[in-house]
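Structures given as C-alpha cells follow.
Same chain, two partners: chain A is paired with chain B first, then with chain C.
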Partner chain A sequence: MNTVIRRLTGHLARGIAMIWVVTTISFVIIRNIPGDPVRGQYEKLIEQGMGPDQAERATAALYGFLPTGSLWDQYTGYLNGLIHGDLGQSLSTPGTGVATLIGSAAKWTVLPVLGGTLLSFLLGVTLGVYAAIKRSGKLGDALAISGSLLHGVPQYVIGLLVTAIFTTLWPILPAGGPVDISFEPGFNAAYIVSLVQHATLPVLTYALASYGGWILAMKSSVATVLGDDFILAAELRGLKRSVLFRYIARNAILPLFTILALSLGMLFGGAIFIETIFNYPGLGLLLVNSIGARDYALMGGTFLVITVAIVVANIAADLLYAVIDPRVRTGGAA
Partner chain B sequence: MRRLAAITVTALIATVTACGGVGGSADSGVYTTIDGAKQIDATAPINPFNPQGNTFLGYDAMTLAWPKNDPVDPNRFYPGIAASWTVTPDQGEVVIHLQPKARWSDGKPVTSEDVRTSIGLAYTQGGTAYAVDPKAAGSAADVRVVDARTVKVTQGASKSNLFLRNVLSTVVVPAHVFGHLLPADFWTTLKAARGTGPAAEKAKAQITGLAEKVISFAPAKDVSAGPFTLERVNPGEALLVRNKHFYANQNIAPDRVKVLNYTGNQQIWNYLISGSLDSAPFTAVPTGVLKRIRETEGNEVVKGFSPVAVSLAFGQTRKPYDNVHVRRALAYLIDRSQVTKVASPEAGTPAKTTTGIHAKSAQAWLGNGIGELDQYQVDPAKAAKELEAAGMTRKGGKWAMPDGTPWKVEIHVPASFSDWVAAAKAITSQLNDHGIDATVLTAADYTLYLDELAAGKYDVGFWLMALGPSPYNIYQRIYGSANGWQLLAGQLTHVPPGTQGNWMGGPEIIDGINPGALTSRLNAANPDEQRRIVGTLAKLTNQQLPVIQLYDYVNTQFVSTSRYTGWPPADSDVLRLPAGVWMQLGMIKEKAGS
Partner chain C sequence: MTESFAPGVRVQDLTVVYRTPVGELPALAGVGLTLAPGTITGIVGESGSGKSTLALSLLNAVQPPGRISGGSVEIDGLGDVVRLTGDDLRRARGRQVGYVFQAAQNSLNPLKTVGKQLLDLGRSHDVADLPALLREARALLGRMGLDGGRVLDSYQHELSGGMRQRVGIMLALVLNAHLVVLDEPTTALDMITQATILRIVKEVHRERGLTTLIVTHDIGVAAEVTDSLAVMYGGRVVEHGPTMDVLGSPRHPYTRGLIRAIPRLSGDIGEATALPGRPPTLGTIPAEGCVFRERCPLRMAVCDTVDPAPAAYGERTVACHAVGRPVNLAVRKEYV
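The block that comes next holds the complex of A and B.
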C-alpha cells in the first residue's frame, strides 16, 4: 500500500511540475503570437459589409477585455487565477468565462472522440488478433490491407467521403451540428435519437481513421507473442484454445493499453478536422477559433485542459499498467 | 446464437430509428437559414451589445430602421421599430415616430424610454452617433423623449451627413430588461462628459467603464420586439419562435426559424446541396459546387449589388512602389478579367478601372466622367514605358531595379481567403509572363496578415475597398488611417508612414490636393459638394494608384423555392438585409401545399 501511495505521490508531483512548465511555456508563446485581436475583429466585420464607423463601434469595447500590464504581471495574475480556479474571460465571447466555454465544448468532444476511440480500439484489437493468427490466410491479408489503407488516409478525407455518401448521395444522416434544435433537450426519445443521428458520422469517421493503427499494432504485437516460449509450452501442455487465446491477447494488448490511455488523454485535444467538417462544436474547434481570434485566455485555458488530461492519462496508464502486468508491479520478478 | 440475433435486430432497429426523420428543416412552418455574420456560441448571452451574442438581427433583434442597399445614398431606409422619421436638411435634428403597435415579446409596449435607454447603452460602447466626445463628428448632443412614441435626437456642433443613418441603425432593447445597467445619474454624467476639464474626463471614464458590464449582461430570456424570439440555442443551431406581439405579424409566414451554425463554406454548400436551407448568405462558391447547388430542386441564385471591391494595395514608402510609374506599369500588365475569372467567377465582376468605388456606385457618382479616366487596359508596351520612366532596367528578359539589382514582386495574402490566393497566383503568373519576377506569400491567418500589413512589412498586399454606400466610408479605406489620416475628436491629423498603422505611406499632399482632408470633408458635405469631392478623389486615385482595383464583389445569395416563395428579385435593395427583414416587409410566403 505504501508503495502505491509513494508512486502516486511521485507521479502527482511530477505531473504538477509538468503542468506548470507547459502552462508557463504556452503562456509566453501565446502572448507573443503576432496579431491584434481587435483589428482582426474589426476587419471581419468590414468584410461582412459593416461600415467602418459601425465596425469601430462594435469592436472598441473589446479593448477592455484585453490583458494589460507587463508580461510578468499578466503571468502572475494568470497563475493566481488558476490557483483560484479562474481561467479568465474570453475575448471572442466577451463576458463569458473560459471555463464555461471549455465545459460547453468538452461534452461535444467526448461523445465523438471517446465513442470513436473505443469503437476503433475494440474493432482494431479484436480483428488484429485474427489478422495475426490467420496471417497466412486470405482473411488475415484482407484485414491487414484494410488496416494499412485506412491508416494511410487522413481524417479529413474520410470525413469528406462519409459526408458525401451519407448526406448527399444517400441522405440518411444530418450534414452537421450536434443535435436538432427542434427537440426539447432532455431524456426523451426524440432528443436522444437526434443526438445519435448527429454523432454517427463523426464517430464513424474517427473510428475509421483510427482503426488502421489499432489493427496493425495488435497484429504485430500478437505475432510477437505467438513466437514466445510460453505459448509453445502452453500448446505442448495441450491447453484449450480459449485459454491459449486469453494468454495471447492479455500479453499482446499490454503495449496497446498505454497507447489507449494516452489516446483518451488526447481526447481533450478534440478532433479538429472532424469537428470542422461536421460542425461539431468540440474542444478542437474551440482551440482553432481561439487561435484565429487571438483569444489569449481561451487559448491558454484550452492548452491547460489538454495538458492536464494528458498528464492525468499518463499517470493513470502507469498505475493501471502495474495492475494488469505483474512484472511491472514486482520489478520484473514475476 | 439467439443472443447474437437479438443484438443484431436491436442494432438494426436503432439504426433505422436513428436514420429516420432526417431533414427536420423540411418541417412545415420552419424556416431554415444561416447567419453569415457570426458563428453560434451557445454560451454567449442573449444580448445584442455582445459581438457574439445570441440575438439575430431582423429576426428577434430590431433596429429603428433597415438600410436600403442604395449604391449612392446611405440615408435611405425601410421602417423598423421606427414607423417614420423626419430630419432637418443639415441632419441637425432627427425626430423618430415609433410603430404604434410595437410590443415586446412579453407584451409590454415599445416606448420612447426604450429607445432612450438603448441610446444610453450605445454610448457606453462609443463611436458613431453616440461618441461621448462632443468634438467627434456626427455625435448626438441630446436625446429627448417627446411623448411615449416619439423621440428627438439632436446632433452636436460637429456635423456629419451620416447622422441619420447612424441614429436609425440603433438596436432597440427593452428598458425593463436592460435599463438597470445604466446608473440612475447616467444622463447627468453624460452631460458632464460632453464638457471639458477634469470633471468631464472623469465622467467619460465612468461611461466607457460601463462597456464591459453592458457587453457581459446575460438576460434570463429573450425579450424582443422582432417577429421572432429565441426559444433555445445549442452550439450547432438556434431556434426562434414566432413573437405573437410583433407589430406586423400578418406579414410573417414561418412559425419558427432555425439558424444553423457553420464553421466553413463547405458546410453551407452541403446544406444547400441537400436542400436543407430556405436561404443562405453570400458564400464564395466554386463553379462546380454552384452547379451542384443549382441542380437541387428549388434552389435559386439571386444576385445583387454589394458595395465591396478587392484591390492590390502598395506600401508606397517601399521601393520601387514609391514610384507611381511602377504602380501604373503593374496596372497595365494585370488582366483583371482573367484574374476575376480565376478567383471569383460567380461573385465578382472585373473592375472597369481604378476609381476607389464599386462600378455601380461609380456610374452613379461619376456618370460619363468614368470614360475620361485611364482604363488601364492590358498594354505591355505602355507598361514598359512606365517602367523605363521609373528607371527600371531590363536584363535578360527580366526587369530589374534602377540600380541593377533584381526586382522581386512579393504579393501577400491571407491563406484562408481562397479567392484572394487564386487572384494573387493569377497576377504573379501574368507578371512573370511579362518579365517581372513575382511570387505569392501567404500569411497563416487574417489576424496575422492584418498585423503584418499594419506594421508595414508588405510591399504589395490585398485590401478590401469601396465599402459604400457612404462616400466617406468608401474613400476612408484608401485615404484613412491605413494611409496616415486619423480623425480624433473631430481633428484630422496625418501621421508619418510606418507609424500608428500607416502602412500605405502615401504622401499627405499630392498635386496640391490633400485626399485625406477631402475624404474627411465627405462626412459633412452636401450632395453637390460630395459629388465634386468624389470626382476629384476618383481622378486622383486613378492617376496615383495607391491601389489597383481588381474586381467588384457581387452579392450572391441562395434561396429555395421548395417551401417558400416571394423572394426578393435580383438587384433588390433589400438583398443585403437579413431574411427576417424580408419577412417583416411581407416578402416571404409559405408555398401552397408545402
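The block that comes next holds the complex of A and C.
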C-alpha cells in the first residue's frame, strides 16, 4: 500500500506544480493586457465618484486581484483568491462569477467526453485484441486499416461529417444545442430523450475520433504481449483459449490506462472543436467565447479547470492501474 | 497416480525451418531420435544447435516464423503429434506432456498469483478435484525446498529466478504427465540448488515411471542424471547412445571436442582445450557436406560433399564419415 501512497503523493505534487504554473501564466496575461484594463477600470470607477477603497474592492472582484500595490502583492492576492475558490467575475456576462459559469458549462463537457471516451476505449480495445490475434484474417486487416484511417482524421472533420450525415443527408438527429428548449427541464421522458438526442452526435464524434487510436494502441500492445514468454508457456501448458485470451487482454490493456488518462485530460481541451460545431455549451465553447470577448478572468478560470481535470484524470488512472497491476500494489520490479 | 505408463517417443526425419529474410532455413535437418520408455534422455550441444527447436517439436509447438516442414514425432498414446491440431493438441500439452520452458523464469502471468494460475491449469484440463491439485502442488514445491503455501500466494515478481524455475517444474509435473520435457530447467540456480532439483526430477521420474527429456548445455548435469545422451550440432543429432558410453568413449569428433573442452574438476585447467571456431548459425550451415567440417580435425574429401548419415554401431548412433575406422583416443575417466 505504501507504494501507492508514494506514487499518489508524487502525482499530487506534480499536479499542484502544474496548476501553479497555469495560474501564474493566467495572472501574467491578465496583468499585462494591453492598455492595463485593471488599472483603467479602477480609475474609471474613481472618476465615476467612487471612493478609492470602494473602487479598489470593485475592481478586485472583477479581476481577482487589487489594481494598486506592488506586483508581488497583486500576485499573492490573486493566488489567495484562487485558493478560496474565487475565480473573479466574468466581464462578458456581467454580474456572474466565473466559477458559476464554469460550473454550468462543465456538466455539458464531462458527460459527453466521458461517455465518448469510454465508449471508444471499450470498442477500440476489444476490436484491437481481435485485430492483433487475427492478424492475417480479412476482418483483422479491415479493422487495422479502419483504425489507421480514422486515427488520421482530425476531430473537427469527423464532427462535420457526422453532422452532414445525420442532420442533412439522413436527418434524424438535431444539429446543435444541448437540449430542445420547448421541453420542461426535469426528470421527464421528453426532456431526457431530447438530452440524449442532442448528446448523440458529440458523443459519436468523440468516440470516432479516438477509436482508431485505441485500435492501433491495443493492437500493438497485444502484439508485444503475444511475444512474451509467459504466453508461450501458457500455451505449452495447454491452457484453454478463453483463459489465454484473458491473460493476453489483461496484460495488454495495462499500458493503455496511462494513455486513457492523458486523453481524457486532453479531451477537455479538444472539446473546443466539437462543442463549437455542435454549439454545445461546454467548457470548450466557453473558452472560445471568453477568448472572443477578451474575458480574461473567464479564460484563466477555464484554463485552470482544464488543468485540474488533467491532473485528476492522471491520479484516477494511477489508482486504477494499482488495482489491476499487482507489481504496482506491492512495489516489485516491473 | 500409481498407474505408470511411460510412453516411448520416436522422432523420425524431422525437419523444422525458420523463415528468414533469405528464405526458409532448416534449424533441424532430418533429425531422428528415439526415447526409450521410462528413460531419461539428455540433449547437449552448443547454443543454436537446435535443442529447443527439437524439444518444442515434441509438443508440435514450434513458434512462427518457424514450422515443422517434414517428418514425424510419434508418442505412444498420442500418435504423431505433428498431425495433432486444435483441442486434441491443447489437451495433450500439459496433460500428457509436461513442458518446462527454457525461459522458465518468465513463464508466469505477472498479474496473477501462482495459485490462481495453477487453478487455471486445472480447470483447462478438467481436473475435478482442485483441492487435491493444490495439495499436490504444495507437496512438489515443498520437495524442491520451497514453502508451498507461500509460493502459491505469490506473484511472479515476488519470487526469485530460482523459485520461478521450480514453480515451472512444479507446473509441468503437477498434472501427472507421463512424458516430461525440460529445456535447460536449472540455468538460474546455483550449483547446489541445481543438484538438488535434478535429484528431485530424477526421483519423481522413478516414482511415477516417466519418460523424460532434459535439454542442457552442461555435460556435468547430463552425466549426473541421464541414461541416454544425444549430442546435437548444426540441426543434427550427431551422436546418440547410453550416457556412460557416449561420455566414456565419444566417437564423433564434435563430441570428443566438446568433452575435451570441459575443465576437469580435479585437475589442471590447462588440460582443457577449447573447440576451435564457432558453431554455425542458420545462415552459415553449409548446404551440402558435413556441418562440422570447418572445425573438424578428421575432415576428408568426402566430408565436403556428402552429409554423413547417422549409422548404428551397437547401441550407439553416430553421423560421421570417419567413424567405423579404428579410433584411438584417450578415454576420460571421470565420467565413467
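Everything that follows uses one rule, which is that the second predicted complex is superposed on the first by the 264 of 334 C-alpha atoms of A that agree within 3 Å, B and C clash if a C-alpha of one lies under 4 Å from a C-alpha of the other, contacts with A are read in each partner's own complex, and residues count from 1 in each chain.
Here, contacts are C-beta pairs under 8 Å (C-beta built on N, C-alpha and C of every residue); 3 or more make two chains touch, one makes a residue touch a chain.
Source: prediction; values computed, not measured.
Participant: After the superposition on A, what does A:Gly152 contact: first (chain B), second (chain C), both or neither?
Facilitator: neither
Participant: Which of the two partners, first being chain B and second being chain C, lies in contact with A:Arg250: first, second, both, or neither?
Facilitator: second
Participant: Looking at the overlay, does A:Gly85 come into contact with chain B only (first), chain C only (second), both, or neither?
Facilitator: Neither chain B nor chain C is touched by A:Gly85.
Participant: In the overlay, answer first, second, both or neither for which of chain B and chain C A:Gly186 touches.
Facilitator: neither
Participant: Among the partners chain B and chain C, which is in contact with a greater number of residues of chain A?
Facilitator: More residues of chain A are touched by B.
Participant: Using the touch definition from the top, say if A:Phe230 reaches chain B (first), chain C (second), both or neither.
Facilitator: A:Phe230 contacts chain C only, not chain B.
Participant: Does the superposition put A:Lys240 against chain B (first), chain C (second), both, or neither?
Facilitator: second
Participant: Need the overlap of the two footprints on chain A, from chain B and from chain C, as residue ranges.
Facilitator: On chain A, the chain B and chain C contacts do not overlap at all.
Participant: Within their complex, state which residues of chain A touch chain B.
Facilitator: Answer in residue numbers: 34-37, 39-41, 43-44, 46-49, 51-54, 56-62, 64-65, 92-96, 100-101, 104-105, 108, 163, 167-168, 171-182, 185, 193, 196-198, 200, 275-277, 279-281, 285, 289, 291-294.
Participant: Within the complex, which stretch of chain C touches chain A?
Facilitator: Residues 59, 61, 63, 90-95, 99, 101, 103-104, 106-113, 120-121, 123-125, 155, 157-158, 168, 171-172.
Participant: Touching residues of chain A toward chain C in the complex: what are they?
Facilitator: Against chain C, chain A makes touches at 228-230, 232-241, 243, 247, 250-251, 254, 324-327, 330, 332-334.
Participant: So in the complex, the part of chain B that touches chain A is made up of which residues?
Facilitator: By the definition above, chain B touches chain A via 14, 17-24, 27, 30, 36-37, 39, 41-45, 49-52, 122, 124-128, 130, 162, 166, 169, 211-212, 214-218, 232-239, 256, 258, 260-264, 266-267, 270-271, 273-274, 276, 306-308, 445-448, 450-452, 454, 464, 467, 470, 473, 476-477, 480, 576.
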